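You will see subunit A twice below: alongside subunit B first, and alongside subunit C after that.
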Partner chain A sequence: MRQSKGIEKERSFIMALQIMKERNTGKINTVTIGATQEQGGTRTSVVTVGGDTALPFLQFEGNFPNQPVIAMEVQSRVPEQWNEIVKEPFADVLSDPAAWAKKCVEDYGAQLIYLKLSGADPDLENYTTKQCVKIVKDVLAAVGVPLIVVGCGNDEKDNQVMPAVAEAAAGENLLLGVAGKDNYKSIVAAAMVHHHNVIALTPCDINICKQLNILITEMGLGLDRIIIDPGAGALGYGIEYTYSILERERLGALQGDSMLSTPVIASVGYEAWRAKEANAPENEFPSFGKQAERGILWEAMTATALLQGGIHIIVMRHPEAINLAQKNIAELMAPQAI
Partner chain B sequence: MALTGLDIFKQLPKKNCKECGVATCMAFAMSIASGKAALESCPYVSEEAKEILGAAGAPPIRLVKVGVGEKALALGDETVIFRHDKTFFHPTAFAVSVDDTLSADLLAAKIAKINDLKVERVGQELSVNLIAVVNASHDSAKYKDTIEKVTSQTDFPLVLISNNIAALEAALSVVSANRPLIYAATADNYEQVIGLAKSYNCPVVVKGNNLADTAALVEKVAPLYKELVIDTGSRTTSQVLADQTQIRRLSIKKKFRPLGYPTITFTTSDDPREEVIQAGVYIAKFASIIVVKADEKSQILPLLTWRQNVYTDPQKPIAVEAKIYEIGAVTPDSPVYICTNFALTYFAVEGEVSGSKIPGYILPVDTDGTSILTSWASGKFTADSIAEFLESSGIKSKINHTTCVIPGHTAVLSGKLKEKSGWNVLVGPEEAAGIPAFAKAHFL
Partner chain C sequence: MILIGEKVNGMFKVIGKAVAEWDPRPIQDMAKQQETAGAHYLDINTGPKAEDQVKTLKWMSEVVQEVTDLPLCLDCTNLDAVEAALKILKHPGMINSCKCEQNEIDRLFPLAVEHQAAIIGLCMNNKGVPKSAEDRAAFAMELVANADAYGLPFEDLYLDPIALPVNVAQEHAVEVLETIRQIKTLSNPAPRTVIGLSNVSQRTPHRPIINRTFAIMAMAAGLDSAILDVLDEPLVDAIATARLIMNKDIYCDSYQKVFRQHSI
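Right after this comes the complex of A and B.
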């Protein structure tokens, strides 16, 4: 009698564990890149991103119909400034964008190619519009995966080149970049006329991001054709700002703010391989350890960190860093028992 | 629910004596509410008030201390789920694991290697924090011997990992004064392990088989002892993410006491690079301790950096000291670049100046750690402040020219700066990335 009373008393203290699942009203849009022959293009595969209904990888309370994808970066000129470690896997193809893209797909399993028309830069090779269009067409012919094509970063030049690219690749459903707050009309118009998608780039500012999405949709391009680039910072170089912006955008989208519900792309390879820690030789910075492994991990960790913030397309460079990121995504997509 | 400043103010003595270090009782109450001050700083607060505030204001996640002295760690005591809501306070501790099966020589080499896993970044000294000694031999004499050797070679606090009570007790007889973390109390052994923790006054991990099981076990343990760290037993990346999220949510939003403790997680891959990436997830998602096997500097640096980033207070940017920085082998002819002392701005400029291969001086003006455009908009980066810094920094004695480069976004300052300082002002590129091309064009 006494004993059972004691047990009862103990039981009454036990608090039941009630799992907390957030019920979100909004979700991330889906965007499809590429078009097969039946869809009017020439791609052998397409990529769809977005559709998430919860915070990144919280499968116990949401759906993730499309897992994040990695786009491999190809440039339209030899990227002399790249670290030797990054150039090495592509050493035999760096001067030929089509062969480079082919290697990414065939040897490294790229699902998407990110083609940067860096050679169009007036301060560099200053390729003509015609030359740029030819490079895009060569890459399209060399690989069957969908393409992201971005300009060299010089607004004036990009405004000449990108509409021509959009026209020449009509039907391929490219992802074109980049539209910025002060220069979005020409690329958005080209995407609308020739049925492509655009990257809307804003420098780490959630309000400008939202405003740019509004400006672009006001021109008539659907929200399902926009991918946002938050202007990511690399590990050690402002990544925490990007991370928090991504979290706020995701929370906004889940609460139903449609202008924040576009999927996210981030230039991880470019940012990570700019960091001193990725490039500095070990003999100059003994406390940093071996440079090759450090650089690869710098890129992979930048990707991992931003994945936790909620990115959908990761633009990367080094095949070993890509392997690490892919493995991380696969692990995060494993079902959760809750 | 956390108390508001007003709730706390009602319980204070209202003497406004400033002895707590804050100007008024109201301001002190506000500081407590935002976690910047502790009630103990007030010498006049009544016992009754302490009780009321203590119970209501108890942190949702308990603060647990591991180690003593300089390398002691404070774990837990977090208040938000998203860093942008306030900040994360107590950075994730990294523990590198060591097996007691290593020979004396290998052990000594390994400990020396771990002791050396430190680096300076953005003016902060970063390092791993703990050594987890694993009783892989299952032999308590060997374990004790290993613990003796390890403690003689390092100042890092230890995590004692064994499922052998005798081994734990033998180890504690050596290191308990250093307050190691005991691993772990389980459903089968918790009475004995908690007994050890209590008698040696050391924190202890409670390990369950899943989230619910862990919460149930903590409920049995907590009435006996409260210096706890919890391990839900999950080892896959996605499950740890789910568990950690629930622990943080339930303790903060529901004040669910059985999960209101710091957490410990373990990476599992045999490939150290994969371990590092796995740990990257746990840093972002609330782990208080991560135990890794990886021990190369190249592997640890990305972890230390990501932790530093996540735990940076979003309201207090990291700043560098406003002084002259010499990049490369500078000469009196080297160019002078002006920027702000926001660490990110400075390091972006530094990276590009060093990348340009043209040695140069960088002068980060003190703008309270704000970026170029932010400080310009708030009037901290002006012709006056730059001119004053050109004078006070002592740069003039190092160079034989009077030309400086200002950031492109603040080109509008150039005329006035020239007038105020008498220097020749060059307008540089808008982004630091343009510095190498700019430097080649102007200084080669």
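Right after this comes the complex of A and C.
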């Protein structure tokens, strides 16, 4: 008798705990990348991101119809500067972007390929527009997953290459990059004409990020075709700036600011593997521990921290880091009963 | 800042005539204009001349809902008319308004809860508008206590400290600002605040500048919404700017345009 009274008391205490739920009026847009045959493309799968109606992974107060995805990075030239640990899983395919992409999909389960046309750089191989288009077509033929295609970073060259890529891949519903504040018109125009999506990149500045979305939509490209890149910083190298901008953006979106409601992409692999801590050999820095593990964790930790800020597409390199991030996403997306 | 467009009101000539002739077009045009200008709610008022308030308010609500998805703010002292119009709203609206009189509260608060409508509570009773902030806040507290008793979410209670014309009731304005500050401390989450902005400039030859100035001062005191002339572009620009300065919206060069596209 006494015991059951105790339980009752406990139960009434539990009943009195009220879960605080934020009522949000806005939500993150959804963006779809890729098109199947019925949709006018040749992809065997498509990827949709966004649709979140609450802070990242707070499933008890919102909906998360699409989980964050990882895009594996492929370059159009051998990335000599990459750390040996990152090159090793792709050692046999680094000089062939199509085979590289195929390996990412078949061996490592990539849902998206991020193809960087680095070889177009006038200071490197200086591939012609025609060569770049061929590389994109070869990758499209080699894999069935949707593609993200970005230029080499030289505005003048990218303005020649990307419209040609957009035209050659018309119907594939690519995600094209990158549109910046001072150079967005030609890529946005190409995306509009050939029905692709666009990455809007701003270097860690939410005000310019918002303004760039406005400028792009004023050209006529729908908000549902824009993904923003906040210019991520890696762990130890400015990640907290990115994190707070992501949070601010998410809060703005949830409060109804449509110009901040675009999903987010982040170049985690590039940023993480630029860090000294990811690359420094153990014999030079014994207190850092083993370089291979450290580098992989540097990439995985950068990804997981930014996931908490609300990124939707994570561009990554190392298969083991990707595994860790995927496991983390699966756990975060598991339904939580509150 | 929630903008409640004031123009679908029988007191205005064009609308008054449309109401008298049962002509939906001018009413619908005004609704659309206010939506484009950035209104979040549309105030619907039959004006004093409508013979059958129940029928007229319902008809006005119907014709406005034919052309816009914006929620409506039912502005009528006839409680039967408000109740009838609430029943045909497509989106949860707002009741405008309820004085701090227990019989009104007992009728309107349950209706608001039933229809998930917001409700404007006036910081006054049948005796009129109090002069001091303290007396206004006392009415506000009574309305908050009733919201709690009736299960009306505090965010759905919009307390109106009653702004009066500055030319004839000058000493009230500063009391209104102080009341807004006090209202925001009454509960957690706090009740919302609203004013009938255009009131403050009634019968003065300087209406736009008085409205704008008071709007911004009231926002700094914690004002959440206003019934106002949303077609007054400089007024909306000033409100958008005040929100930036208070760090409520994220800055961008086109912020005035973005503010007008905000949903609530």
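Definition applied: the second predicted complex is superposed on the first by the 322 of 338 C-alpha atoms of A that agree within 3 Å, B and C clash if a C-alpha of one lies under 4 Å from a C-alpha of the other, contacts with A are read in each partner's own complex, and residues count from 1 in each chain.
Convention: contacts are C-beta pairs under 8 Å (C-beta built on N, C-alpha and C of every residue); 3 or more make two chains touch, one makes a residue touch a chain.
Note that the structure is a prediction, hence the values are computed from the model and not measured.
Legend: residue contacts after superposition of the two complexes on their common chain; A:Val150 is shown touching neither subunit B nor subunit C.
By the touch criterion defined above, A:Arg294 reaches subunit B but does not reach subunit C.
Look at A:Ala110: by the touch rule set out above, it reaches neither subunit B nor subunit C. Once the two complexes are laid over each other on the shared chain, residue contacts for A:Gly252 go to subunit C alone; subunit B is not touched.
When both complexes are overlaid on chain A, the residue A:Val136 reaches neither subunit B nor subunit C.
When subunit A is checked against subunit B and against subunit C, the one touching more of its residues turns out to be B. Legend: residue contacts after superposition of the two complexes on their common chain; A:Gln211 is shown touching subunit C, with no touch to subunit B. Contacts of A:Gln308 after superposition: subunit B is touched, whereas subunit C is not reached.
In the three-chain superposition model, subunit A touches both subunit B and subunit C at residues 248. Of all residues in subunit A, those touching subunit C in their complex are 23, 25-26, 206-208, 210-211, 214, 248-249, 252, 256-260. By the touch rule above, subunit B contacts subunit A in their complex via residues 82-84, 118-122, 210-212, 215-216, 219, 236-239, 241-243, 245-246, 249-250, 253-254, 256-259, 273-274, 276-278, 280-281, 284-285, 296-303, 305-306, 308-310, 312, 314, 344, 347-348, 350-351, 354, 433, 437. Residues of subunit C touching subunit A in their complex: 155, 249-254, 257-258, 261-264. By the touch criterion stated above, subunit A contacts subunit B in their complex at residues 13-15, 17-20, 55, 57-60, 123, 233, 235-240, 243-244, 247-248, 251, 274-277, 287-291, 293-294, 296-298, 300-301, 304-305, 308, 324-325, 327-328, 331-338.
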